[in-house]
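Pasting the structures in now, so scroll down.
In the two complexes below, chain A is the common chain; its partner is chain B in one and chain C in the other.
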Partner chain A sequence: MSLLSLDRASLRYGDILGLSPTSFSLPLGGGITGLLGPNGAGKSSLIQLLCGLLPPSGGEVRVFGEAPYRNPAILGRIGLVPEGDRFPTGLRGDRWLRMMGRLSGLEGQALETALGATLDLVGMTDRAHLPFSAMSKGMRQRIRLAQGLLHGSDLLVLDEPFNGLDPEGRLELMETLRGLAGQGRHILVSSHILGEVAQLTDRILLLLRGRLLAEGSVTEIRALLDRHPVELRVHSEDPRAVARWAVEEAGLAGLRMEAGAVVLSVGSPRAFLPRFQDAVARGAFPFTALSPLDLDLDAVFHYLVQDHA
Partner chain B sequence: MPIHAPSLPPHPIQGQGLPAALVLGRFEVRRILRQRLGRFFGFAFALVLLVELALVYFKPMAGAGGQLLPQGADFQAGLLGKALLFLLWLQVAQVGGGLVARDTLYRIRPLLYAHPVRPLDYLLGKGMVAVGIPLLIQLPFILLPWGLSLLSAGAQGPVWPTAPLRLIPAALVVALLMGLITLGASSLASTPRGGFAWALGLVLGFGALGTLLSGLLSDPRWGALSPMALAQAWPRLCCGAPGDLGWFPTGLGTLVHLGFWLGVVVLRTRPAEALA
Partner chain C sequence: MKRPSPLATFVAVFQGNLPRLLQLRGWVLAALPLVIVVGGLLVSILLRLNGTPMGAEAPWALFRLGLAPVMVPIMALVAAPAGIREDLEQRVLPFLLVRPIPVWVLPLARGAGWFLWGGVWLGLAALGLGGLGLPVLMPFLALLLAYWAELAFLSLLGLVFRRGTLWGVLALFLWDPLVRFLPGRLQWFTFIHHLEALAGPPSSGQVRGLLEQAPMTTSILASALVLLVFGGICWALAGWKLQVTSIGLSGGEGEG
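For the complex of A and B:
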């Protein structure tokens, strides 16, 4: 039995295709899986299928070997931490969590024990009695996480959990997720930022325009960047001097001049950037700033689409 | 099966406690009881109830040499009178208007449906609150005057001994009407204030339409379009008091409203709608 499996599962919202027929499976055994894709890629559609919010329009979805839609036995094993930061302002965190626990079939001493243990796990024992309006964004995120963990979920699904968190909050959340994964939980984290997921896990699913484009390790995805030219914008007081230096370097695929900058197209940024750094240190040309133009996830998707074509 | 390390909380025992609909209903009731606006409505309803109780004594005594006399159907129907029903519409619009809209605003429904909560559980939970509150508020207005009348003058008192048998079914229909219309209004809105505005707008709008058509077509039965007129008609019909609306237009108007607004709520709280 696998943790989750999709067999040509698709999801339509009326005429709009949320997820094209997709097949993949993830094994049991705990750990974190990243669900990557730009906005509108189909991440939320996939999460809705996995969490049993909607039935697939076609194909089959199985979580822990069973269809999750309207299946209380499976829904009780999944903890969803949805995207967004909206809570009823006057409501207290512990009251909210108690209601969610009761909806999952907890009551009395079992509820209080689970609540205490979960709040301890997310570090909110002393602050859960506060109303949501008095909590920081990071605290509300912890309460959301506690809500997903309260009923002892075996699979924790987080939809864009890092959105809006400050760097400290992100690090804290990453630490918590790593700790949970290390103790045997299965965690699925959706994000549109490769760097965030790369810090968490080496197992990722890539989605674009409702299609699963690739599944594999972050290393494999990064390798894609090395196979395609990457554009680097170099800001300088003398862009022509930068261009003169660059044309003599190996690995330059092309360049174009801009006002106050030159855009270099390089075949392998990993090989090129150390040489560039040396040249700057030697004072080979005046240098102001360097910014990569297509090192983000969208560029990876673009390359993947090209490869698939 | 996954192996849980000792440092993780143990799997809690599930499958205990109340059904999901009751959990949702209880949560809403507790939230409503914490609201400050409830004190205003509590005071207003208490005032109306005191006036009603005073009438049980003083109105019959006015021309009867100090003794309590049995009263007619108008008096019985008046226990669920216009003042009470108007206040009740306001209160139900305020409470019911926010029941679904609040969940829409804070995107709570997708999260609920990710738990073992069916759309039917959600509807039952919200419906119990929207219908239960107006029903519970109406009950003292029936039972206290009835009890006072029985204690004061027995079967010959101003309130008929059979009055609860007539008025409680009427109160139930009125509560259903109020609850479903306000839930429907709430499901159309994206904020609790919007839900309140929708509820009042629908009640007053259908009222105006009913009055307009009654006047234009010279047929009072068109008044059955108005939820307020329907709510006033049921106690009168159940007590046999004369009124503009007969059984057929009142029953048909009520059924149309209940069916239509139930359909609206069901459609607007589907999981697909909650995720939109």
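For the complex of A and C:
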């Protein structure tokens, strides 16, 4: 059984296609998966399918082996933290959380114990008694996170959780999510900001215009992008010597000179790098440092979007 | 963890949302029936000071021309958008919809607090009119059941139509008064007919609306049942509507 699987699942809003027929699956085993894409890519559509808010217009969605839509057995195992600063007016945080706990099947001492532990986890023990209207955005986000965790959800889904948080709040939330993932929880985090996801996880799903473009680790996805050579910046006291050596090598797609460095574009870094190491060992050119320029998430995302434009 | 039963869901949502009654909207709701009564009491005091005591028809006029046809519908119009419709508009309904609960309970559970809160103030208004000489029990029962039925009806409209309040205004302030002036059994399809049947038919001396047709006679029991059952059906339909409607994160319906 997988954590979640989609088999040609799609979602329409009237005439508008929110998610094209999409198939993929994520294995059980805990950890954080990033759901990445620009605004309007279909992230929220996918989240609504996974959390059982909307049924698929076509295909099949399974979470923990069952269709989640209006399925209490599955809904009891999911925690959703939706996007946006949404909160019920006129209520205190702790009262709202108690209601959410009761609606998840908690009661009595079990509810109070879970509430105390969850508030402690999100750092709101002393402030949960405040009305939502008296809380900062960051505090409200913590309360929303708490309602997703209160019932011991196996899968926590967060839609753009970093929006509106200050840098300190972002770092704290990231730490909390890492801690939860370390406890074996499955966490799915959507974001349109690549750097946020890159700091949290290497396992990503990339969406664009309602289509799943790629899934896997950044390295795996980067390896699929054969059309785009990897750029390696070689720092050297004599960049021209490096360039002279490189142009003799097979697999060099291009190079450009920079002050104190040369940037080499290579088709297959796996084949190129051993030869580069040999050359350094032989003293073929003076060498200071080597850094890949486009192996990170931003570059992968940029290339994928470019290819599908 | 066990799945919450319909009763446990009702209790949790009802209790959890009780503080929301004490927002501005709740106090507006409380003030509406009291405006009529306090106004009536002030006029009564002024008339007494003037040496011309208020006639026996005056409390009936306050009831039949103010409280029943105007204030109760306005109370329902104020309270209904604060129920399940408020959760939709504040986009907090998804927090409830992703719980392992029977979703059909939610409209009634969110409306019950507003019904009780309004009921308390209608009770105080009935007591106030009682101080002016109106019987207390039957007029109170009439107001309460009419409020029950109208609140349920407007809550249903709020789930069926995006502009549910507008349709509610048309139903309560166009259909009810208009049909009231038409002869025959059409009067049976108005809230005000059953409210007045419950409160007691006007005697010859009691104030009647201009152009008003001779009222049909409906028994107290029949009118009470009509309002009670109509309200129950509206709550059930609202629950069914929510159960069969897929509502996404934006609060809008998804095709699914």
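One rule holds in what follows: the second predicted complex is superposed on the first by the 219 of 309 C-alpha atoms of A that agree within 3 Å, B and C clash if a C-alpha of one lies under 4 Å from a C-alpha of the other, contacts with A are read in each partner's own complex, and residues count from 1 in each chain.
By definition in this document, contacts are C-beta pairs under 8 Å (C-beta built on N, C-alpha and C of every residue); 3 or more make two chains touch, one makes a residue touch a chain.
These numbers were taken from a predicted model, which means no experiment stands behind them.
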Between chain B and chain C, positioned on chain A by superposition, is the outcome a clash or a fit? clash
Quick check for you: in the superposed arrangement, does A:103 touch first (chain B), second (chain C), both or neither? both
With the two complexes superposed on chain A, say which partner A:48 touches: chain B (first), chain C (second), both, or neither. both
Which of the two partners, first being chain B and second being chain C, lies in contact with A:286: first, second, both, or neither? neither
With the two complexes superposed on chain A, say which partner A:260 touches: chain B (first), chain C (second), both, or neither. neither
Determine, under the contact definition given at the top, whether A:12 touches first (chain B), second (chain C), both, or neither. second
Should A:118 be classified as contacting the first partner (chain B), the second (chain C), both, or neither? first
Going by the contact rule set out at the top, does A:82 touch chain B (first), chain C (second), both, or neither? both
Would you sort A:92 into first (chain B), second (chain C), both or neither based on which partner it touches? second
Determine, under the contact definition given at the top, whether A:56 touches first (chain B), second (chain C), both, or neither. second
Can you give me the overlap between the chain B contact set and the chain C contact set on chain A? 13, 48, 51-54, 70, 72, 75-76, 78, 80, 82, 84, 86-88, 90-91, 95, 99-100, 102-107, 147, 151-152
In their shared complex, at which residues does chain C touch chain A? 1-4, 8-9, 11-13, 15-17, 19-20, 22-23, 87, 90-92, 94-101, 103, 246-249, 252, 254-256
Okay, in this complex, where on chain A does chain B touch? 13, 28-30, 48, 51-54, 70, 72, 75-76, 78, 80, 82, 84, 86-88, 90-91, 95, 99-108, 110-111, 113-114, 117-118, 121, 147, 149-152, 154, 180, 182-186
Applying the document's contact rule, which stretches of chain A touch chain C when the two form their complex? 11-14, 18, 44, 47-48, 51-57, 69-70, 72-73, 75-76, 78, 80, 82-84, 86-92, 95-96, 98-100, 102-107, 147, 151-152, 159
Report the residues of chain B in contact with chain A in the complex, numbered from low to high. 1-5, 7-18, 20, 23-24, 27, 30-31, 34, 102, 105-107, 110-118, 271-272, 274-276
